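Next come two complexes, and both contain chain A; in the first it sits with chain B, in the second with chain C.
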Partner chain A sequence: MDSIIGVKYNGGVIIAADSNNARSILVYQHNLDKIAQIAPNAILGLSGPNADLVSFSEYISKNLKLYSLSNPGQDLSTKATASFCRNTLAVALRKGPYQVQTLLGGWDASPASEDGEGSMYFLDYMGSLQKVNYGIQGYASNFALSVLDREWKEGLTKEEAIKIVDNCINVLDTRFLISQPTFTIKSASK
Partner chain B sequence: MTSFVGETSFNPNSLLEIGSRKPNFQLANDLTDDANFLIPNVQDPAFFCRTNFASASGDKDKEQLVKFAKGTTTLAFKFNEGIIVSVDSRSTMGAYIASQTVKKIIEINPFLLGTMAGGAADCSYWERNLGMQCRLYELRNKKRISVAAASKLLANTMNSYRGYGLSMGTMVTGWDETGPQLYYVDNDATRLHDNLFSVGSGSTYAYGVLDTFYRPDLTVDEAIDLGKRAIYHATHRDAYSGGINNLYHVKADGWTKIHAIDVNELHYEFRDEKNEMVA
Partner chain C sequence: MARRYDSSTTTFSPEGRLHQVEYAIEAINNAGTCVGLRCSDGLILASERKVTSKLLAPVKTSEKTYKISDECVLSVAGLSSDASILIGQARLEAQRYLYQYGEPMPVEQIVTQICNYKQSYTQYGGLRPFGCAFLFAGYDTFHGMQLYQTDPSGNFSGWQATVIGANNSSGKSFLKNEYNKDDAGIPDVNSGLKLAVKCLNKTMDSSGNGPEKYELFVMREKEGGGVEHKTLTKEEVKEIIDKVEEEGKAAADA
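Right after this comes the complex of A and B.
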């Protein structure tokens, strides 16, 4: 039931997630933050049962912290972070799977551009990993992926990216059965 | 009981056969051992627990010979003067009312309260276990445990028994250095932090009244009244809730029990109040 929307722009990424937390017919709260900051330069939008959201994001972020303490000065690139996440999901799949669908977005310094570049990865609960320019997890994909297909282009500014995410949220508001009144939006950039 | 070495090929087909098996591991011998939680001596303990001790929520246990005690309305909310915790006291096994006097608020320590919803045995056992862990924390760290940490300990315990069919929906609440705090912890290791929760079969009815009249700036008397009324309305509509309304108030110096009132008396009190208003 969760909607996670991610868009890459020139110099960073934006991830938006709905803030509802519901089980069966009851909504527990409207203010749940489903976007975890797992590293100084990376954010992870998660969808799934609350216990798995928390245990997966905490496992990843604490291990990344351990890595940065054990290897001072060596920051993990977003690509390496994504690989680590994927490996965790894949190993757990046959033992006790994390039922989380995620979008990982990160910023890396780049020789090509002084603003650096953003990268976004689509991670499935079965351990599939795909680098994407934009992505959506949840039922929201049925409605909003076409909006992103139509509007996304290379070299977007942050404001344009936010506008596109806004359009996605409006489509959900109009056509999605579940009411999602609040969204949390975070970005990773310089 | 003696310890048993080696594999067993016996797979018990009914609950009555369980007691005749010997466990294949050593039980705790003295107080310094970590207490073992006995797991059925079968090929797949998790599957066995899930199917024979089915979740004590909804009607998943209707095929079972022994049904679990469940059915509840519990609620807790945070306001400027602390936290109100208000519960009913009915326990049902299928259509049978097993008890009208169950204590669904568990006094973990003088500063922490836990509520009971779901399986009564699971709630009281694991919250008592939590009390033990909190006391160990105090002894090791020379300070009282925070509500966030206490609820995390409980959630971690639930996480390790995932898939074993435990049923527990509890609210852990108390007043620590960061102020009054309220957490909801669940048998599938969900842990949520907010100002207002209601758990149980009657929770939807309680939410109706609670959401309509809740304000953070309620006075203590208004908050007690709201907690009382929300439980009353839930017990009125939900068949599985009833008995006595037990209400506690958590303040900076610990919790106090405010009242224990039969909800039937509340029914006539509120009815008379409405009649007076109309007249």
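Right after this comes the complex of A and C.
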């Protein structure tokens, strides 16, 4: 039921997530933050049962914190962070899976550009990992992926990216059965 | 008398020393020398191959230098059988990291893991320490080319240039004078190789050594990322030994 939308722009990424917390026909709250900041330069948008959202994001962020304390000055790149998340999901799959569909977005310094570059990874609960320019988790993908397919291009500014996310949310408002009155939006950049 | 506190690794002596660890360090001072040099364009590991008998089969790959991962190599001084276990452990840890993070394990982390492993044999289990020291040469994107030295106590330190094994003190004092002489700058690999051979000549017992007594290894950064490993062939080693001899003669005549 959750909608997670992620868009990469020139110099960073933004992730938007609906803020509903619901089970069956009951909505518990309209202000749940489903985008965890797992590292100083990385955000993880998660969709799934509340318990798994929390247990997975906290496990990842605390392990990343331990790594940064044990290895001062060596920040894990977004790619390494994504590999770590994937590995965690893949190992848990055959034991007790984390039922989370996620979008990982991060910022890394880059020799090619002063503003650095953003990268986005699509990670599903079975541990498939794919680097993408944009992505959507949840039913929302059926509606809004076509918007992104049409409107995303290389070299977007942050404002343009936000506008595109806005367009996605409008499509959901119009055509998606579930009412999602509020969205949270976060970005990872310099 | 220290004797009563010698036998167990896991006991301090009244003076606060771990004798077994110290004896392990002694064992390495009888082993073939290893020299490590950080150069402006790479890293050199130069080792002495102690040939104990003419009947020994010629070395197929390396006797002293071992690859841990695509970005990390080490040379051994001490008990080869002990080293073999630790090398296997280092390779396993490096691959585990690569499996989990999708990126090569940073060199200092490999060194720390192995040293923690060595340290555990000085604190519990009632087992003796590993009788070998390593020179780790590796590359990572955080600190570039790095050289580390480890010993049986599980201590390690980073170096620009260092020597382990037999006569390491004379080797080190030679390097103190010759490496980065008068702040002229650290040598490039070509000069570094000659310096390493000169250093080994100083630490080796005999003189007039043939190329089979030296094992020379170079690690260089590759275009487009990663590193290349090169163990010099017998001919290339001979070239360097000859050059060093020439230069030595020229300096003596001058």
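Methods note: the second predicted complex is superposed on the first by the 190 of 190 C-alpha atoms of A that agree within 3 Å, B and C clash if a C-alpha of one lies under 4 Å from a C-alpha of the other, contacts with A are read in each partner's own complex, and residues count from 1 in each chain.
Rule of thumb we're sticking to: a contact is a pair of C-beta atoms (placed from the backbone, for glycine too) under 8 Å apart; a residue touches a chain by one contact, two chains touch by 3 or more.
Predicted model, so just to flag it, every value in this text is computed and none were measured.
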Please work out whether A:49 is in contact with chain B alone, chain C alone, both, or neither, and reply first, second, both or neither. first
Let me test your reading of the model: by the given contact rule, A:71 touches which partner, first (chain B), second (chain C), both or neither? second
Kindly classify A:80 by the partners it touches after superposition: chain B alone (first), chain C alone (second), both, or neither? second
Output check: A:157 vs chain B and chain C. Expected answer is one of first, second, both, neither. What do you get? neither
Which residues of chain C touch chain A in the complex? 99-103, 106, 108-109, 142
Residue ranges of chain A touching chain C (in the complex, touch as defined): 71, 73-74, 76-77, 79-80, 82-84, 87
Using the touch definition from the top, list the residues of chain A that touch chain B in their complex. 21, 25-26, 28-29, 31-32, 49-51, 54-55, 96
Where on chain B does chain A make contact in their complex? 155, 158-159, 162-163, 184, 186, 188-192, 194, 197, 203-204, 207
